Each structure stands twice: as C-alpha cells, then as structure tokens.
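The following pair of complexes shares a single chain, chain A, combined with chain B in the former and chain C in the latter.
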Partner chain A sequence: MTTTSSLIEFKEISKSFGSKIANENVTFSVQTGTIHAIVGENGAGKSTIMKMLFGLYEPDQGEIFLNGIKVQIKNPAIAKNYGIGMVHQHFMLAGPISALDHVILEMTPESLDTNAFLPLPRSQIRYKLESLASSLQMPVDWNSPIEKLPVGIQQRIEILKLLFNNSDILILDEPTAVLTPQEIDEFLSRLQKIRAHGKTILLITHKLKEVFSVADTITVFRKGQVVRTGPVTQWNETTLAEDMIGEPFHELKVSASKFAPQSSEFALEFKTPKINFTLKQGEILGVAGVEGNGQSQIIQQIINPLSRPLSERKDCEVYLNGKLISKMTNRDIRAAGLGYLAEDRHSKASCINSSLFENFLLGQQNHFQKWGLIKSKALKEAFTEACKKFDVQFQNGRQMLSELSGGNQQKLVIARELLKPLKALIAAHPTRGVDIQAIKKIHQSFLEIRDEGTGILLISSELEELMKLSDRIVVLFRGEIVKEFKRSDFNDKAIGAAMAGFKS
Partner chain B sequence: MKAFFGFTLGLALCLGLTAFAGESPLHILMIIFKSAFGTTYDLGLTLFYATSLVFTGLSVCLAFHAGLFNIGAEGQLTVATLAAAATGLLFPNCPGVIAPLLACVAALAAGGIWGAIPGWLKAYRGSHEVVVTMMMNFIASGVTSYFVLNTFRSLDSQNPETKLIPTQFMFRDFDFVKLAFADSPANITLVIAILVAIGIWFLLRKTVFGFELKMTGKNEMASELSGISSKKIKVWAMALSGALAGMVALNEVMGSSGKFRMGFSADYGFVGIAVALLARNNPIGILLSAFLFAVLQKGAADLDMETQNITRDFAKVLQAVIIFSVVAVQYFDFKKFRSKFFSRSISSKKDREKI
Partner chain C sequence: MNEQNLISVAFLLSVLRGTTPLLFASLGGLFSERSGVIQIALEGMMLMGALAGATAAQLLHSPWLGFLAAGFGGMAIAALYGLFTLKFKADQIVTGTAINILAVGVAPLITKLVFDTTGATPSLAIADRFSFEPTVMAAIALLITVYFYNKTQGGLLLQFAGENPLALTAAGYSLQAIRWSSVCICGLLAGFGGGSLSLFLASSYSPNMTAGRGFMALAALIFGRWKPLPTAGACLLFAVADALQIRLQGNESFLPVQFVQILPYLVTIIALAGFFGQSRASRAPKGLGQ
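Take a look at the complex of A and B:
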C-alpha cells in the first residue's frame, strides 16, 4: 500500500520451465493511463511475464499487486475479472463468424443483461459498439465474416472487443508484426487515443521506433531479467539497443559494392508482360510495395512452389546469368546458382520437426555425398563452421529446429543458402521477426556476398531496410513496377507515395 | 521403455477382459505361449508369419517416411506372389542358378509397379494414395483370381491354387533355416528379411535418397523449393514400398509352398500397418514388433480349440488393445503425473522444514 498511483506492480517474480529460467527477480511497476513498452530481444522473457499477468502461467516465486492489493491470477478468467485483456500475436478469431458475434461471444451473461431464453439484444450491442468504435475512429464492418477482413481490421476487432468488455489494462503482444508500414502509423495513433480514454497499455515489442513514438515508460528485459525501467526520456535509440543486447551496438556501415563485373551478363533478367527488371551482378535491388501488390507473383515466376503447370509460365522469360530458367525444374534452377530465402521459413524453407543437421543439409545434399551416401563428417564440419560464422546459438546439431528461437532459425537457413557461391539470391522479408543483432548479421552477410558478385533481389516491407541496403529500389503497385529510384534519390516520402499509387 | 510398458499394460488389460468371459487369464496366456513356442514346429510357424510381417511393416514404414499412407501392401504382395509363381510356371527350363533370382526379380517388379501406380497418380494427378491403394487391392485380388482359375490352375487340387513351380526355383539347397525348423514353413527368407530391415534403416539414415525421402515426407513445399524433385521421390518411395510388400512372395512361394494359393495371406498387408505403428516407423523396431504380432497371431490360433468362450478373433482384440495402450503411453507425461499427485507431499515437507 506504499504507492497508490501504480496500477500494476511486479515484485521479485521468477519463473522457470524445467532447467530454463524465463524470468528471474523481475520487479517493476506500471502507472495508470500510460503506454508501457516491454522491450527485449527474442527469448528475453517479455512474453512470459505478460502471460503471468494474464493468468496463462503462474509465477514460481514473487507477487503481483493490482492497485496495491496482492492478487493471484490463476487463469485468464480471473484476469478478465480484474479488467486485464490480452491480444495475442496470433489472433484467436474463428473464421466464418461475424465480427459482431465475436464480441458477443466474449461477453458475460451479466454484461449482456439478458438470460438464456430471451433473444440477444443485438441491435443494442451493435449501437454501443459502433459508438465506441467511432469515438476511437476505428470503424469496422460488424456484419462481415471475420476471415474476409484484412489483418489490420481483425486486430482492431480484438482490441475493441477488450475495450467493450471493460478491460482497463490491454496487453498487446508484438501487435505490429502483421501490419504494413502505413497500418503501423495508424495503429500507433489509435493507441494514443485509447490511452486518452484512461486505459493502460502494455506493449510488447522489439521495434525501437514504435517505442519512441508512443511509449511513456519502458521496461527493458534481457535474459529474463529487468535491465532498466523508467520514463522513455532516459533513453535514445542507441542506448536502448545497447540495453537490450547488453553490449555496445554499432550500426552497420553500408559502402558501395566493391565488385567489378567480369562479364556483361545480368545476374537475373525478368521479362513478363507486366513486370520487367534486371538485376546486375554484385547489386542489391530492393523491391518496395505494400504486400499483395505482385511480390509473390515475381517469386513464383522465378522459382515455382509445387505443381504449377509450365503453361502458366508461358509468356514469362527469366534468365539467370544468361541462362533461361523459366522452363527448368526447381532442381536445375537451384543447381544453376539461385538462392532463395522464403518469406515464410516454416512452410517453405525449413522443417520444424527435423534436426538442425537435416535442415542444414536440405538442398545441399548433393554437396555432401559420395556414391549416394551422406558424408556426415564433412557435413558436421561445415555445419559447425557455418554456425560459427553466422553466430547461430544451439546446443547440438541433433536438436529439433523448433527448439531454436526465430532469429536463430533464420540465421541457420541463411547460412545454408549462402553455403556455396550464388549467381543470384531472392531474399523475401529476410529479417521478419528477427531481433536487432541477428538483423545486423544478416545484412552484413548480404553485403559480403554482394561484394563477391551475387545479385540480390531484396523484397521487404520495411522501407528502412530497403533504403539501407539497396543500390536501386523498384516500387510495385497493383502488379506493376510504377517507379524506380537510384540510391542517390532515395527518399522515404517519395517511395512511400509511389507505394500508395501516387504518380508524381 | 515406454513401448514395453504400453505393451505390458495392453496385455494385462486384455487378459483382464478374458476373466469377464469366464476364462482364467493365466490359462489363456499359457495357451498363447505354448502355441507360439511349444515345439520347434510351432516356433518355425511363428517365425514364418513374422517374416512376412517384417516385409509389409517395412513397406508401410517406408511410405510413411515419405508422407504417404500405403494401405495397399495387401494388393502389392498378392500381385507379387502370383508373379513369382507365374515365372516358375512359364519358364520351367530355366537353369537352377538363376531361377530363384529370376522369380525374386519378377516378384519385386510386380509389387513395385503395383505400388508405383498410386505413387504416380498421387504425385502428378493429385489422387489420394489411400483411396487408390485401397482400390488397387481389389483389382489385385480380381486379377490374381482370374489367372489362378483360368491360366495356372492346378487340376490335382480341390483348392483354388496354381500348379507347383519347378524345384530349381525354390530356396532348397542353401536353406539352413529350413533345416533347423524341420517341417515348418520357416525358411531362409527370415534372414533376408532381417538384412532388408537393416538395409532400409541404412537407406533412411545414411543415404541422400533416404534424406530426400524423409524431407519430402516432413515438408514437401520446402523440399521442392530447395531443389528436391519431390514428385519423383514420391513415385520411387511408393515403388520401393510396393517392392518390399512384394518380398512376401519369397517367403510364400520360393521359401515354402511353391505355389500361389488364393487367400494365403493372413491379412499381412493390413497387420503391417499395425506393425509399423507399434515400431514407430523404425525399421529395426519393426523386426521386434513383427515378431510380436506373429506370436499373437499364431498363439491365438489354438484358442478356439482349447477354450470354450474365447475364439481366435481374440488375437485381433489383443492387437488392437496393445496398439491403443502403446500409443496412449507414448503421449503420457510421467513427470507431470508425478508432480501433480506428489507435489502436495513434497511442499508440505518443505513447510515442515521451515517450521
């Protein structure tokens, strides 16, 4: 009862899973009506502490206070009674049910103000919802089935659902991971509106820019412990990054390509009726654009996922280092020197329930064989070396890929793809869901192979990443290239306008 | 360890059931044991069953690793067995040295083709392999019936079976297993089965083909994008799976009877699914689980005669209960169980220490 102003207080909370310590002696407090950012690298324990607040886990030791009163939150139902709501990273929404029904599903019989034998006061609920939504400027089409709505709107529904059920504390787990740059800006301004209504928001994230644009206070986690907690003014971007990773952080320096082409061949030449571009050797070509504007079509014309009939690639010509590859099988395309970092590493680039060795070998098996037998010794050596080079954290090569964090999984996949020299590399969202240090490592490796002459087609939704690495950027809009920028003309406003379809 | 515990649990449950039927569980156990191991002849017969089950188990297991469910082993082995018998009957003057080899090749090819057809349809036409292999079972049984009854029918026998193949086709001169088990049908194919199981283990573990097969089974999209020709792998996996099922012909025709008898298979193809399941698709484990199922099958055969209330169908109940309990035990978390039921006593002990 010492401080009446802090809404939530965590006191010396510890939690471990088996031998792995997820949280150790975590102590910090959150004030009413603030946006409190919980930041840290992947696996730093920020989700665990929030799940304890929401009643998904119980702490091994320590206490949680709400408004100065000690509480035991044993399950999410209790959390809801205390007015705590959580939006998970992967939404818990059911496909064909309408948005309105989703909100009704969450309501308690008392708040519905009816009993089981009376018809639901739907129009009344809807009226209340609409007034809430319009006061926050978060319009939603309440009648359409949820699966037909875009991800950004689904997230809106999740948040409105919590607010409508009188949640005062909102826990948002990596809310911007699924949003496009434009949606992120809108989303952050909405958070400020929600704060103005007196709600408290706990924002789990590892994106520094978001933290500085909306948060009032920050708690930094590292290896399960709180490194520092306090008002946002204590940090700037560099010091916050240093607190997160625990050592001085240096921005990656990007210099111009050192590669001098021996021949005039293009690394990749892409010719279709609608999209034409070329990728030089030793060049990084950025592809900007809001997702769904033709990025996946480009990739599918170059390397095809399963059973796409050749007829679909009829009027499309793709040359890899002067060789026509659009009529080849994937096996031959790969052998010709194409690397591919898929946008979704779990479904397209790795196998979550296979060992690290097997994942490392996938696609490289012909380099580690003799008479059809796998040379396990050579494989182990190459594996150890590559993991060292890319700083992949693992216990041993036989453990399952699923046991690694997302960043380490991605680094392993990249280490594998870059094992032998490539003519061209397609990198689709290579740093999605990966933490700061891993991103730096990945970018560094791209620059290295660029200097050795590999052409890289970098497809990303992060404009910052594109502008940092690319030599040129082309902008996709509605399946066409609308604009091309040289490095000297890079300008986020102009590129952003082109992404939105404005022609200047 | 867990599998063994599950097996014991299943057996105990089942024997408990027999008590309800008014028979002494111990008596039932004795009958099964005696029937399976009682004499050299009995043991030989058990091993004979086990040999066939090893092949069908491996067949199902290999397809499983490629992400395919082959329930057509029954049809594949039927076709292969007829092919082996037909080879003997069509080339009676074949020299003795290559005769058994020729019959083996015919059996493997027939089984392989019968497996490759659903594999091809799955890979290039998208037809589901479960449906296609099941239909291929019926086609196999129809086609073999036709040939047995119209082309190769033995006129000396009352039963629908082919004539005997010439003796040079049989594994006779060098068959030391046969000598050890006197008159029983056990034969050198047992040794072949063990070697093949080790071979499949090696294939899956150490070879590039095995690796590509496993990865195709685990994540087809990622395999295809990384440059594995997943469609070809699927066809080959099914062909190999069919050929493995077809090896039952070695045991049946060249090893023991010397002819194709209609209905010779004691559901080997279907029991093979259970064999693979119990062994969790481990080729070496299949050797053990095949033997186990053979013991149950052979052991239950005498239940009809020796007891009043239990029939031989009991073997099937026993198999089913054992599979259920092995799988259930596999997913049972002992640690959680212990902490849930014993944590109270532990914590109270701690409290006492504090005081």
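Take a look at the complex of A and C:
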C-alpha cells in the first residue's frame, strides 16, 4: 500500500442530509499530477464529495487517505494545511474589497506573519503575487475592488489564490460556467500548464467536451454513487453521457419551424435607444452574451416595465403582437399573452415552501376563481393534465415544491406558463440546474409551441443550447447588440468572439 | 465683535461635546454592522451605559471608574443581544427593539434599588464628572478604528464577515468568534457613548436621556457608508444641527421652540433620504443580518 498508494483515496464514503442521500459508498482514487474529471448530472453528488475533501462537510461513513495516510478533514483550514484548495462554483467574493485582500484572506497565519492588530504587509504580498501571476501570464489589477473586475479575471484570481498558498490539489467546481468559448479554451490550456507544474486538479463539470480535451482520468457519478472510474480512453462522448444518465440517450432532433404566419405582426418588437430587435411569430431568437451585458435590462423592460425608473423607460417601446405593452401593468401584459420563465425560478417564479397546486396557481388565479374563491376542482384537473403533458414527476399536488428535483420544479413552472397559448415567451436560462432528460423535455416543449406560432426569446449562457434551438442569435456586449447570426451562419468561434466584444 | 467671537468658540465646543456620544455609538455600530450584525440596539446600549456610568461615578466618586462601568454596562446589554441573535439566531431587528425597550424598563428598577429614586440618579458633584476627557477619548477611538479597519488583518476579517460570511468560513475563520467580538466591542463603545452623556454632557442619569441618539448614531453610520471617517463626519454634522438647535432656542425667534428642537432630527432624515436613496443596497455590507 505504501509504495503504490495514490495521492487521494476515497473509501466507501457516505453522506446524507436528512433523508436525502448525497453520497453512498463512494470509492475512487486520484493520482498525482493528473487532471481528474468528476462528472455527473446536477445533484449526482459530485460537489458533495469534493466538499468533504475540502472540509466543508464531514462524511457520515468512510475514510479519506492522502498519500496512503488516513486523514480527517474537519474544516477548510485543515484542508489547506494538506495543500488542498477549492474554487467554488459561485465565487465567494466580497464586492467592494480589493483583489489583493481576497488573497490575503486565504493566506495561512504562518505565511502572513502578522496578528490581527499589526499592519498587514500589503505591498510585500502584492509584489510576490505579481511575480507569480506574470510567471503564469495571468496578470491582474490587484488594487481594484473585486466587483469591478470581469468574471474571467475573478476566476484567475481564485486560481492564483490557491497557487499562491502552495496548494497542490486544486478542486475546481464547474469553472467554465461563467466563461465565453474563447476564455474556456484559454482556461483549459492554463490548466494543462498548472498540471505541468506537478499540481493535481479535480475538475467538477458536466460539460463533456472539456472532459475529453483536458482530463486524464474520469469518475462518473450518478445518484450519489460512483458509476465508473478510470482513464479517459475508456469513454467516448456518447458512452459518457449514457453513464451519467443511466440509460441510452438520444439527442433531440431540431427541425425548422412548421408555422406559417397569417399576419405580418411581430410576436415581439423591442425598441430602445441602445437595443432594437424583433421576434417573429413561430421563431426562436437566441440572446447570447456573457452574463451582465444587458440581458436583465431587456427582461425587465419587457416583463416589468413599470418598475423601471422613469428616465430609463421614456424612450423604450415594446410591442407584443402589435400592442404597446411597455406602459401596461404586469397583469395586463400577461393577459395580453406573454409568458415568462425567470432566470432564477426560486426567487421570481415559484415559492419553494408552497404546495405544487399553489405554485401552479401563481399568476393564473383569474382562470381558476369565481367570486374570489378558488375553483379547486378545475385547478386540480388542469394541474394533473399539465403535469402529464410536461412529464412532471410528483407524489401529490399538496407536497411542497422544495421536495421536487430542480428539473421537475422547472417543468412545473413551464407547464404553468404554457397553460394558455402565448404570443411570446421570455425564457431566461430555462435549463439551468436541470438534468439532461428534463432539458430534452423542455427543449421539446419550446419547439412545440414554436410550431404553434409562439415567438420565443431564449436568453442563455449555454451557447450550445442557443445554437441548437434558435433560428437566429443576437449577441449582447456591454448593453448593446453587437452582432446577429442566421442559423446557417452559426459558429461557436464567431459567436464567442462577438460575446467577448470583438467586432469583425 | 468680541462677544460674537466668544459665542462661536462656545458654539464649537458645544459641537464637540455633542459629537462625543454620537461618535462613540456610531463607531460601535460600525463594528457590529461591518461584521454583519444589524445594530438597532445602540439606543439601549447607550442608555444602559449612561445609567451604569452615573451610578458607578456616584458610588465610587470617580468619573473614570464611572466611564469604565458605562462601557461594561453597554457590553453587558450587547452580550445579551449577542446571546439571542448569534447563539439562538433570533431576528436581529426584533431582538434589537426588545433590547431598547428592556433598557428603558430596567433603568427605574436599578435607580429604585440603588438610590431609592423613580428613574433618575442624583446629581453628580463637579469632581465626579468630566470636563473634556470623553471627547479626546472619542477621537482616540476614531483613530484606532481607522487604523484597525484599514490596515490590519482583524479589520479585513471584519469586512469579510459583513460582506460575505461564506468566504470567511471557507477561508477557515470562525464567523461566530468575529461577530461575538464585534458585538461586544460595539457594546463597549456604545456604553462609552452613554457614559459621555451622563458624566459629561449632563450630570446625572435621567430617564430616556439618550433621546434617540442611538438611532442618530445609526443614521450617521449609514450616511457615512459604514466607513469610519465619513461616519465621524456625519456625527459632526448631526452635532452641529443639535448645537444650532440649542443656540436658536435662546434667541428671540419667530419659530416656536418645539420647531427649533426638531432641527437635528430633520437633518438626520434629510441626510438619509438625500444621500441614501437608491445606492443604499450597494453600500451596506452585503451579509448584513445573515
């Protein structure tokens, strides 16, 4: 055991939260100097096992070995002492505090060589950081408040932070979710550079392309368990996808819209000083762009115009099927035939601690009431039918929404929004945090209503999703549409370049 | 001309006196809120500090011991606040309100037990009071806070505790320890603020003598964007309004005196409404109350 031991070994690890089992009997090992991909669907337990390695959770059962020695990692401080560092999926940043101070926060007391009341040696630390950053060609403006830096740079800081603290094992949780395609390529080549320095990288991801381009070994998780672990050559993209979902998977076939418009009216016409676009009936218009480049402004202007400050709403006109909606209340806008899938279904589209019935009723009260009382029979019937149509899996309508998986929650929200025929649907990141099967179902339902004449404005950070479904794609950069692509011209390199602000 | 000069020097001194309790309390609030703990109990902590200060100075015949007692009085209330909000995770606004009400209620009980009076403490002898010292100490407290907040690791941890508690925990620090110490420091400073009221601005404890200064200190903190120096500036502004109010009371005026007395509160409201507005959310520590 001592001579051939792996760098990290997980042995029969189990972990549950309440009645929910997150990991069961997880056993696998990781070798020094490799990029080891941890793949699986959302909720498969990949993050949980890594958080146990990083000391954020403690296993209920099982053991972790480092270099053949059993360790107990009770908190992140211990993990750091073992040289383990983690970049979380949602960076843990404190907006107004400088990039430099974020690095200092992570430094061990010994390397910091100060106590709580002595002045921090900021300029010294900065000097050392700059030399590390330039040796890896990853320059950073260290004095800037972290919120003023682009996400790509923030991620750079997160990684430099770990290297600066001499971490040998880097856990990266979905690191490419926030990057443009170009940035992803650059990022992956940087990972290889870091591996060449003898570091070990644990890469949590659900993007299969990345796995095949950089990983040496793979461990596949499904429902909390390890399905298979081994060198990357054991899989191809199809077999890996099948291992993740546990059954044969057939890609959704996307055909051209079958809808023949009877009038020349646009489903949606959006006119503001900076952004103009039209959405035809029976068309899916994709909106690409790195998050924070104006997506939420568009959504707000369409779905919630009255909440905007008067100055911003003055020169803005939005027409739904020829009708001016930008001076209407949300209630009237919805009645006019606009559906909305919010980017964050928990804060904007549902109540996690209410029943499925109640969530289904949200915003549809008018169809299910008489004299102010809910017509529960009609509601139940419509609910059952819609759940069947959209393949929502549940036990009964009275259970809390929080008991459903992310995919089923989203399908329920979609079932509700599509209860009536729509003129236009605003779908913001509709498949975020949703499993592959549910994604397929959601995409399918989009194509169905498209064929019935609904125009869909699809806002997504997943370029693959946009390219698969959209008839056209517009690219947002710094609050403006910089480029438009027809389906025949779709090309991830070109769209990615536009997302990063390169005109040409 | 000469008289005019004298009045303005007197006016300045009165501004400095008025700034003292506000500055102590708002620096206390800064520690608490920067660590992510909402602090609307400053009023109660000040009140308890004022009572403890006047009582101890009366019994021990020393303003310094009184001042120390004021700090501990504030800290005791803060510890109670910490117990409910940090240990038992009670709602911070509700607990803060309860603490404020509690302080008002406990004061007469203590004066009855100690001095057999119904709410106020007896007047302090000149020797048992301060003539200027608390103002100097408030200035020192400000300098220490500025240094601690900007230059030290402790100050950095304090900021992270309020901006993103998760980042702090993930970095291996104890959020609870940082918040507990911040709340205790807050109590100490707010207690000093109360002590400056009863041992310096006045010569005894009288019921509800803080008259909203705890909330004004909180307003100064918000107006000062939770940063030490701007907060001190805001305290100064409110104290000017207060001193002006006192001076105008003495003058023959076309305004009834009650309207003049509104002045400091009016300035507070205008300051908050005018500069606070939309940017409120972006400037407050993000993890406040979490």
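Throughout what follows, the second predicted complex is superposed on the first by the 406 of 504 C-alpha atoms of A that agree within 3 Å, B and C clash if a C-alpha of one lies under 4 Å from a C-alpha of the other, contacts with A are read in each partner's own complex, and residues count from 1 in each chain.
Throughout what follows, a contact is a pair of C-beta atoms (placed from the backbone, for glycine too) under 8 Å apart; a residue touches a chain by one contact, two chains touch by 3 or more.
Source: prediction; values computed, not measured.
**Q** Considering only the touch criterion stated at the top, classify A:Arg331 as touching first (chain B), second (chain C), both, or neither.
**A** After superposition on chain A, A:Arg331 lies in contact with chain B alone.
**Q** Of the partners chain B and chain C, which touch A:Asn366 in the superposed model: first, second, both, neither?
**A** After superposing on A, A:Asn366 lies in contact with chain B but is clear of chain C.
**Q** Taking the superposition on A as described, I'd like to know which of chain B and chain C A:Gln399 touches: first, second, both or neither.
**A** It touches nothing on chain B or chain C.
**Q** May I ask you to decide whether A:Glu358 touches chain B, chain C, both, or neither, giving the answer as first, second, both or neither?
**A** first
**Q** For A:Ala342 in the superposed arrangement: first (chain B), second (chain C), both or neither?
**A** Once the two structures are laid over each other on A, A:Ala342 reaches chain B alone.
**Q** Return the residues of chain A at which the contacts from chain B and from chain C coincide.
**A** none
**Q** Tell me, which parts of chain A touch chain C in their complex?
**A** Chain A reaches chain C through residues 56, 75-77, 80, 86, 88, 92-97, 101-102, 104-106, 112, 114-120.
**Q** Mind listing the chain C positions that touch chain A in their complex?
**A** Touching chain A from chain C are residues 148, 151-154, 156-157, 159-160, 163-164, 166-172, 286.
**Q** Taking the complex as given, what residues does chain B use to touch chain A?
**A** Contacts found on chain B: 126, 206-209, 211-212, 214-215, 218-231.
**Q** Considering the complex alone, what residue numbers of chain A touch chain B?
**A** By the definition above, chain A touches chain B via 303, 305-307, 329-331, 333-335, 340, 342, 347-354, 358, 361-363, 365-366, 369, 372-374, 376.
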